[in-house]
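After the structure tokens below, expect a handful of questions from me.
The chains carry the letters A, B, C, D, E, F, G, H, I and J, assigned in the order they are written, with residues numbered from 1 in each.
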Amino acid sequence: MLFMVEMAVDIPLSFDRSEAERLKAAEKEQFQELQRAGTWRHIWRVAGQYANVSIFDVEDNAQLHELLTGLPLYPFMTMKITALCRHPSSTYDDDR
Amino acid sequence: MLFMVEMAVDIPLSFDRSEAERLKAAEKEQFQELQRAGTWRHIWRVAGQYANVSIFDVEDNAQLHELLTGLPLYPFMTMKITALCRHPSSTYDDDR
Amino acid sequence: MLFMVEMAVDIPLSFDRSEAERLKAAEKEQFQELQRAGTWRHIWRVAGQYANVSIFDVEDNAQLHELLTGLPLYPFMTMKITALCRHPSSTYDDDR
Amino acid sequence: MLFMVEMAVDIPLSFDRSEAERLKAAEKEQFQELQRAGTWRHIWRVAGQYANVSIFDVEDNAQLHELLTGLPLYPFMTMKITALCRHPSSTYDDDR
Amino acid sequence: MLFMVEMAVDIPLSFDRSEAERLKAAEKEQFQELQRAGTWRHIWRVAGQYANVSIFDVEDNAQLHELLTGLPLYPFMTMKITALCRHPSSTYDDDR
Amino acid sequence: MLFMVEMAVDIPLSFDRSEAERLKAAEKEQFQELQRAGTWRHIWRVAGQYANVSIFDVEDNAQLHELLTGLPLYPFMTMKITALCRHPSSTYDDDR
Amino acid sequence: MLFMVEMAVDIPLSFDRSEAERLKAAEKEQFQELQRAGTWRHIWRVAGQYANVSIFDVEDNAQLHELLTGLPLYPFMTMKITALCRHPSSTYDDDR
Amino acid sequence: MLFMVEMAVDIPLSFDRSEAERLKAAEKEQFQELQRAGTWRHIWRVAGQYANVSIFDVEDNAQLHELLTGLPLYPFMTMKITALCRHPSSTYDDDR
Amino acid sequence: MLFMVEMAVDIPLSFDRSEAERLKAAEKEQFQELQRAGTWRHIWRVAGQYANVSIFDVEDNAQLHELLTGLPLYPFMTMKITALCRHPSSTYDDDR
Amino acid sequence: MLFMVEMAVDIPLSFDRSEAERLKAAEKEQFQELQRAGTWRHIWRVAGQYANVSIFDVEDNAQLHELLTGLPLYPFMTMKITALCRHPSSTYDDDR
């Protein structure tokens, strides 16, 4: 089941630098694990912003909640979530 | 070059039904041609809305403008456009 | 899987009265069928508005889309959709 | 009498961790007591957010005010309140 | 139980004049009946607008819904509803 | 002359507690003095919020400004002001 | 007593041209009468818009309401009203 | 050339009191100098707010920028700027 | 003196086609005359929208108002106007 | 390829002054280098604000992202990005 998640990250200037780097590295690792599992199907950077547009393929809303709130940078993120469906005109078999 | 385009369609109730069907069929055809060309890389329906989220892969802004304003349903659409980039953490080669 | 759907209805004053009544009756019938099936789990009127707050229990986003866009009054509705999860503190077994 | 209450929680990163845990535990206890009393009739998590959608069944506005402002996490919450009514089409006897 | 209701009226220019006058007269009559009953406790015009701020004293949300949706001008009104409580600092006995 | 004033209070968590209590007590005293003088004609709590809806009866805009900016909690308040008039349909002599 | 009134005018394209001209001429006449009376103290056009910023000097809110709702173009106007006071730093005697 | 400038001032509670008083005094002096020069043609307080509505008469946009960003309280201000023109219906010679 | 003008055009579907074409041709002619005069210094299309971003170099606000409200498509346009200044860091002599 | 970038700068009052000056100097240097390269084609100050409107001419979205996020003042900026195209009516050869 597909969801678009728009994430914007805002780490305060006063936040400890090395802790921020540690969290970003943990975030990247967790992202790549989810990408290999096919759960975090797509990610794109929003040009000029510290933000991304992502497509998740999950079992249900609960799994989506677990994944997002478990992200290392979650406390610094604002999220907008949109439930998606396969489009009837699509000719791609895997356009999930 | 990638853009997210969020399209919402609003055809007035008073609009001629058969003309609407003709425009939707033409829209679908044009969409599938662009999908085969790899230009309209992704399309998903927004659940519960007459709207979609799409990813375009175009040469430049001008080509994007030509494609979007040339859609048969364009006069009935509201569009929101966001410039995207490949994300540095992505491990997918083709996550354009 | 649970979703909150906030529906506001706006039938133009100029719309044919008897057709509107026919659509409302069809809407009520479809609603009650979905309620019996356990899919449209809850519905409440918003006080003072021609609007409701509903909770749907569906298989997936696609089923939600089918149900909502198939409602007789759909062309007159504005919808806001929020993905929900069971709350970990809830002591109700059936608080789906 | 029914109200929908949408609660979003925002505890600052700088707030004392153990005090936050103490407040969350007190919040959970108070919630479950109100749930047993039938006052806090429903609660659902909003997927991906530190937020919930709740349905309260109270005597009047004053009781609602007492309950909400007495929650341990109230100082960290943003609340949106909507007065609801039983829907005339509902076939559930207890769809309060 | 008290509610503030902010009502804005917008009758289209093309709407039949004499029908509009008839509806306004019916509205005034219904308002004055509710005022005598103590239900529509206060009404004030918003300066420069075709709008009012009103205070209702009702049994419950359902009664509020019946009263508002039964107003002759209801189809032309936009309503904003706010649940109120007696203020603890008030020294007026009847400041309901 | 009547004005609706919607006041929301936001005292930061870090603000000194006893000073906050002192300001609230001073606010209450000043409020009751203005209420006795007939200037602060009505006050209601907004259910679930640290906010009120008030009706002021003042000489002119300047007196309203003096009263509001002189409140002990003024630095913590957000205010929305709406100029009101007696409503022509009102049958209450004192519905000022 | 001073008020800033921001007026935007929107006459539909389909509205009768000569009637529109008649209303504009009546509006201008009424404006100039109020200007001579010192009630409509200032008026400025908003550059590039069919809109103005005006300063009214009136007895009270009720007079403001009468003047504004009595304007020939009132049914086509959107109004935003702000209560003003003389500024304590002003050195102009007549900066009302 | 005329501009409306709407200024809202927000000095944080934690800001040094005597420094704030010094800045306000400097602001007042600078204001009165500009008023005597005819540049800051009008100023009115917004009732109930720490805000004003002002009319500037300047040579060009650059002079407006210099004046506004040079105000002692500028770092604490939010500004909204609207380009104005003399209104063709005005009968006042000096309604600049 | 420079202004950014953001123009969005919305010609209703029901508007006469040949009249629309006539207005667009007249608009283009007027635009090119103003471009040759150096007044309409820049124009860019907004990708995917029937809208443009333009830079005007005018004598004053009044000239800007005359030019914009005199455009053949003005009745179909929504305009947002921003006063600009030369930037002090710019090394271009003609970056007006 | 052209983009409009609207940048607003907000450096907190508590931020170290000399560090702010150092960042502003570095920003100016980087800006002028990009201007000489023809990448930062235009920049204008927004009158009365610490903000600018800029036109970038870049290879693609990725280059735009690199340039913007690499600016010394980037952490203090809010950015709004709009994809532009050459306008078909333009007679300027270099109106990129």
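One rule holds for everything that comes next: a residue touches a chain if its C-beta (ideal position, glycine included) is under 8 Å from a C-beta of that chain, and two chains touch if they have at least 3 such contacts.
Just so we're on the same page, UniProt names per chain: A, B, C, D, E, F, G, H, I, J = Muconolactone Delta-isomerase.
Every value quoted in this text rests on a predicted model; they were computed, and no experiment measured them.
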Inset, instruction - Tally the contacting C-beta pairs at the D-E interface and at the I-J interface, and name the larger one. - result: I-J
Inset, instruction - Count the residue numbers both chain B (Muconolactone Delta-isomerase) and chain I (Muconolactone Delta-isomerase) use at their shared interface, divide by all numbers used there, and answer same if that is over half, different if under half. - result: different
Legend entry - Most distant chain from chain E (Muconolactone Delta-isomerase), judged by the mean position of its C-alpha atoms: J
Legend entry - Option reproducing the contacts of H-I, where over half of them reappear, out of C-D, D-E or G-H: D-E
Legend entry - Centre distance in Å when chain A (Muconolactone Delta-isomerase) and chain G (Muconolactone Delta-isomerase) are each reduced to the mean of their C-alpha atoms: 51
Legend entry - Distance between the centres, which are taken as Cα means, of chain B (Muconolactone Delta-isomerase) and chain A (Muconolactone Delta-isomerase), whole angstrom: 22
Inset, instruction - Report the inter-chain centroid distance for chain A (Muconolactone Delta-isomerase) and chain F (Muconolactone Delta-isomerase) in whole angstrom, where each centroid is the mean of the CA atoms. - result: 45
Inset, instruction - Check each residue of chain J (Muconolactone Delta-isomerase) and list the ones that touch at least two other chains. - result: 2, 45, 47-48, 61-62, 64-65, 81, 83-86
Legend entry - In contact (per the touch rule at the top): chain pairs: A-B, A-C, A-D, A-J, B-C, B-I, B-J, C-D, C-E, D-E, D-F, E-F, E-G, F-G, F-H, G-H, G-I, H-I, H-J, I-J
Inset, instruction - Within their complex, state which residues of chain H (Muconolactone Delta-isomerase) touch chain F (Muconolactone Delta-isomerase). - result: 13, 45, 47-50
Inset, instruction - Show which residues of chain E (Muconolactone Delta-isomerase) lie in contact with chain D (Muconolactone Delta-isomerase) when the two form their complex. - result: 1-3, 60-62, 64-65, 81, 83-86
Legend entry - Complex contacts: residues of chain J (Muconolactone Delta-isomerase) adjacent to chain A (Muconolactone Delta-isomerase): 5, 12, 15, 61-62, 64-65, 68-69, 75, 79, 81
Legend entry - chain A (Muconolactone Delta-isomerase) partner contacts - residues on chain B (Muconolactone Delta-isomerase) that touch it in the complex: 2, 4, 28, 31-32, 35-36, 42-48, 52-53, 55, 82-92, 95
